[in-house]
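Input: structures, listed below.
What follows is a pair of complexes built around subunit A, which joins subunit B in one and subunit C in the other.
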Partner chain A sequence: MTSLTASRRSGRTLRHRLGAVPRVVAWIVLSVIVLGPLYWITISAFKGREEIIRSTPTFWPETFTLSNFEQLFMSTEYPVFLTNSIIVAVTTTVVTVFVSLAAAYGLYRLKVPGSGKIAGIVLLSYMIPGTLLIVPLYRTLAGLELIDTHAGIVLVNVAFTAPFCTWLLRGFIFAVPREIDEAAAIDGAGPTRTMLQIVLPLLLPGIATVAVYSFVFSWTEFVFASQFIVSDALQTLPIGLSAIIGQYTVNWGLVMAGTLFTLLPTVVLFLFVGRYFVGGLITGATK
Partner chain B sequence: MALVIAFPLINAVITSFQDQRTIGSPAEFVGFDTYAKVLGDSAFWEALGRSGIWLVVNMIVQTILAFATALLLQRSTRWSRAARTWIVLPWVIPTVAVAVVWQWMLNSNYGIVTQLFRGIGIDLGSPFGDSAVALIAVILVNSWHWFPLSAVVIYGALATVPGEVLEAAKMDGAGAWRTFWAVTFPLLQPVLFALALVGSLWSFNVLDTIYLITGGGPVGSTTTMPVYVYDTAFSAFRSSQAAAASVLTVIVLGIAALLFVRFARPKEDS
Partner chain C sequence: MALGTAAVLALGACSGGGTDGPDAGGDQELVLWHMEGTPNRVAAFESLAEKYNETNPEYPVTVQVQDWDQVYTKVAGAAQSGKQPDILFAIPDFATYVRNLGLGQSVTDVVDSLENEYGLIDAAKAPYQDDDEYWAVPLYGMVQMLWYREDMLAAAGVEAPTTWSELVDAAAALTTDGTSGIALPAGKNLATDQVLYSLMVTGGGANFFTEDGQVDIDTPETVAAFDLYKELLQYSPTDSANYAWGEPQAALNSGAAAMAIEKGQYLAPFAEESGLDPSQLGCAPIPVADEGGEPGSIYYSNGAMVLSEDSAKQAAAGDFLEWLLEPDNYGDFLNAEPGLFLPVTSGGAELEQWRSNEVLTTYAECVDAMLKQSETGELFGFVDGQYIDAVGEISGQNFLAQAIQQMHVNGMSAEEATAWAQEQMQAAID
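Here is the complex of A and B:
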């Protein structure tokens, strides 16, 4: 009797262990697929010119060199592109947060007449294919004399981030109980004060989500910037980087150094607020 | 928003009825002539077909990857918890960086992936330069870029499935596979429906990934509809034709979306 239970138990643990094999394999595959390319960019950026094109690849740089970064910042236009990208991304983020917060608060919290319909249109506008709008957008911006300006590109970025962000904030706003408003009103707080001092702090994770989304969007945006910005001195990083690649195709170390710096801000930002962001996206999508 | 989205849309329709070449140049009203020209252009139909392939294969690859990932993330092990943060990294990497790193890793001489495959006796050649496989290669890169987003959304939806329901299914003797199809999947349907709709539209409109990796080539083998429109407007300088193609595409997408909503929307009462 005892031996039977024992053998059954050992059978179960064996099966349990074997059952874990596919999962472990899946984890390894997933990690390599997702993190492998990131690792490869990073170490390639630190490799010397000869080592990077060796026929047997080294998985760890034999000699760490900063020469790629030196060349990137000293002899290419990279610093200019970096500055432009920071200007565009930060401005877009600030404007998007204001616009989408105001819109979401108005639509979902205050009882504005027809807010249901407006909310539907907001989402609908997001469904319109952005890339197919390049041509008419170009004419619109030309009419406003905003071609080749950072203001123009910010305007376009905000137009594409704000609808989605407004919708994302919906879930967060619904999560704040209405009774709080009433309690605040009883305590003598006006609508503005209620919004700024009571509801807003509760929406901080939502605001973080929206800020990250719009920063990442404008930092990585390629298509509009490539057409609406003409002069090299105003170009953002994605276009600048692809130009550098064109010039230095042979020098992969330099290209990797540039790539590393291009993705670093979004990755670092994400490691700080990523948890809020993932949570925010889930709240937004499932409610 | 009205200024930047609604106005250009109306503008596109007007332009499509004209014969404009370079953007902003004077043009005359020509009615449906431009449409006739676009519909008669075999490149338009090829691009539309390629976009169809692009959309379907992308959705299949991404759904499988995203579902598998979401199921892994759902476990409460330390790995799963840590992965919930880093899994999204491919999505936050700028497209230009995605394009560069894959071109580098698949470089026919020095690429790490090429060399690893050569090590086990498979010659990858240069996938982005071969018109037979370029489209598939770019689809895989695009899927790498986008699947984490779907994975996270599906993971979030999985978390909303009540534990008691799964427990009850287990008590009734349902295996993991059956539980998934009979319990979890139906509960996930509304989220999956929204994801499929929004995801398809996003995916259809991808331009930068394709443009940065292959530029639509080799010999047009990766020219999907957005690439076609972009090239027609900014390389061939036929903005009216580009606008007409845009309008036609929006109509096709609209009909497809309506059909999808009509037939795939989860029933409210069941």
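Here is the complex of A and C:
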């Protein structure tokens, strides 16, 4: 009897393990697809110029060198680009969170007349291709004396992140029971206090999602930053790094080193808040 | 509330980081835009600007780097807002685009002055002449050559080709399981435009416009050049459809390809990237068509336009550009990218400051060959004194490269691709 039970258990374990094979294979394949380019960028950044273009690739640097990083920090304005990107991304994130939270709360929580139509219009504005707006935006920002300023880029970024983030917060706001508002009102809390002290803490996962989205959008934004910034001292990372690729000549090692150091901040960010972001996107999309 | 305050403070904090717009950027400042973003070129131009500013000019120069891919829309936006730079680096077709935006001042007096002082190469100044005025000051030239690996040709017993048929034979002979005979770009980009046009020049098809500015590319000479390109692509790496400038150079230096057609940027990194002695980099003029062929190549005259509408700034910009071409400064300017930037003044080739650069001394024969090739250089839209206003529409959309893709990716014949190019180009300028 004991032997039979053990045999059944062993069979179930084997079936369980065999059943996991497709999942493990899929996991490995996906990891290679996703992490493969990242790995290749990383090891290429440590290769010399001859090895990096060799027609038979090496999967580990034979001529380990830090010269690409040295050149990145000594010959380019990478620290300046990095500082500018941080300023623009953080400010965009803060403003986006503030604007989209206020908008989403008003549209989806308070009884504002016509809020349904306004919400539709907000989402529609997100769908306008940005490149069509370059010249009108240039004229607008020039009129506001915001060409070649970080504030101009932040405003444009917020104009594109806030509509989507407002919609994204919809699911989180709907998930908070309205009875909480009524209970707070009975206890004497006004709308502002209800929002800030009662509802806002419950929306923190949504706020984290919006913050990560707007940060990544701003960090990788290229078109507007390339158009509205003209001074070298104000350029962000995507613009600065595209310039070092240059016309006619490509220093592949330098490009790889620059790419690696551009990816790092977002990778670190995702290591800490990535799971909230993915969960938040699903929540925002399904509620 | 705290969040809102933080947002406002943060936005306010970052609004002070900028300068004013370019043309409004300080009445006593000349803002210069250039599109040479690689670190060594940026450093060289900034160093020259500093040197100029140390002479205490009334209008010091501030250099700002832009990207070729973005500058078309950027300058259009700037023009509409009156925020254009005072000086803008340009190539002839881009200059027509800028002028069509309503920008650009005549620099005839500056060009005449430089002509009298140093002499200017015709191929460098001619593309900027229209309505009896010059619209840019030529600063440096670029020309294409056939580059090849001496070691690979020697191993295969192949001589450097001088004609189209020899080029095809060499590419075939040099193609093995592991290597390609030649690496050609076939992406939708300017690199492909330029290589094809060099072959059109040496096939007698340099001029593809009629006297009244209409497109006339569907000719036997052009069909022959397209046909040659298609044939050569058989011996080019299989991913050529994604190639621009960097990939053929990497293929040549790594030994994945034995030949390539490009400009003088091949000199500086060759030894380091290939691990070979510099003598293993061979160079030759672009092979010419077996019948009716003539020596030549695409030639790019890079110049500077003056966009400021302020007459005092225009004069100051002219002073700066004349200063750049003074013998004490011009060599340093050309050495921003040694081998790629060629002199446009008659005596520039003999400048010790330029010639003594290590890259130029190492590859002196190829440098001389490029200078000679420059003499027969051409650029579409500006052949034999032409000035086609709409050429920027054609080069900006890479129709030549798109026609190559029609053959390489979509299987069109050379005749079909040429007819397609004719139709597309004409529609673009109508």
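The rule we apply is simple: the second predicted complex is superposed on the first by the 248 of 287 C-alpha atoms of A that agree within 3 Å, B and C clash if a C-alpha of one lies under 4 Å from a C-alpha of the other, contacts with A are read in each partner's own complex, and residues count from 1 in each chain.
The working rule: a residue touches a chain if its C-beta (ideal position, glycine included) is under 8 Å from a C-beta of that chain, and two chains touch if they have at least 3 such contacts.
Here the structure is a predicted model, which is why all the values come from computation and not from measurement.
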| item | value |
| --- | --- |
| Room on subunit A for both subunit B and subunit C (clash or fit) | clash |
| Which superposed partner A:Val32 touches (first subunit B, second subunit C, both, neither) | neither |
| First, second, both or neither for A:Ala20, with subunit B first and subunit C second | neither |
| Subunit C versus subunit B, contacts on subunit A by residue | B |
| Partner chain in contact with A:Glu145 - subunit B first, subunit C second, else both or neither | second |
| First (subunit B), second (subunit C), both or neither touched by A:Gln227 | both |
| Contacts of A:Leu204 with subunit B and subunit C, given as first, second, both or neither | neither |
| Touched partner set for A:Trp219, first subunit B, second subunit C, both or neither | first |
| First (subunit B), second (subunit C), both or neither touched by A:Leu110 | neither |
| First, second, both or neither for A:Ile134, with subunit B first and subunit C second | both |
| Which superposed partner A:Thr262 touches (first subunit B, second subunit C, both, neither) | first |
| Superposition clash, subunit C against subunit B - the stretch among 5-13, 149-157 or 239-247 that is involved | 239-247 |
| Residues on subunit A lying within both footprints (that of subunit B and that of subunit C) | 53-55, 134-135, 138-139, 142, 155, 227, 239, 242, 245, 252 |
| Contacting residues of subunit A [partner subunit B, same complex] | 23, 26-27, 30-31, 33-35, 37-38, 40-41, 44, 52-57, 122, 125, 127-140, 142, 155-156, 158-159, 162-163, 216, 219-220, 222-223, 227, 237-239, 241-242, 245, 252, 255-256, 259, 262-263, 266-267, 269-271, 274-275, 277-278, 281-283, 285-286 |
| Residue ranges of subunit C in contact with subunit A within the complex | 1, 3-4, 6-7, 10-22, 31, 33, 35-43, 63-70, 73-74, 76-78, 80-83, 85, 178-179, 245-246, 249-251, 253-256, 262-263, 265, 268-269, 272-275, 337, 340 |
| Residues of subunit B touching subunit A in the complex | 1, 3-9, 11-12, 15, 23-24, 68-69, 72, 75, 79, 83-90, 92-97, 99-102, 104-105, 107, 109-110, 112, 115, 144, 148-149, 152-153, 155-157, 159-160, 191, 194-195, 198, 201, 204-205, 207-208, 211-212, 225-226, 229-230, 233-234, 239, 242-243, 246, 249-250, 253, 257 |
| Touch list for subunit A against partner subunit C, complex | 49-50, 53-55, 71, 75-76, 87-88, 90-91, 94-95, 97-99, 101, 134-135, 138-139, 142-143, 145-152, 154-155, 196, 226-227, 229-234, 239, 242-252, 254 |
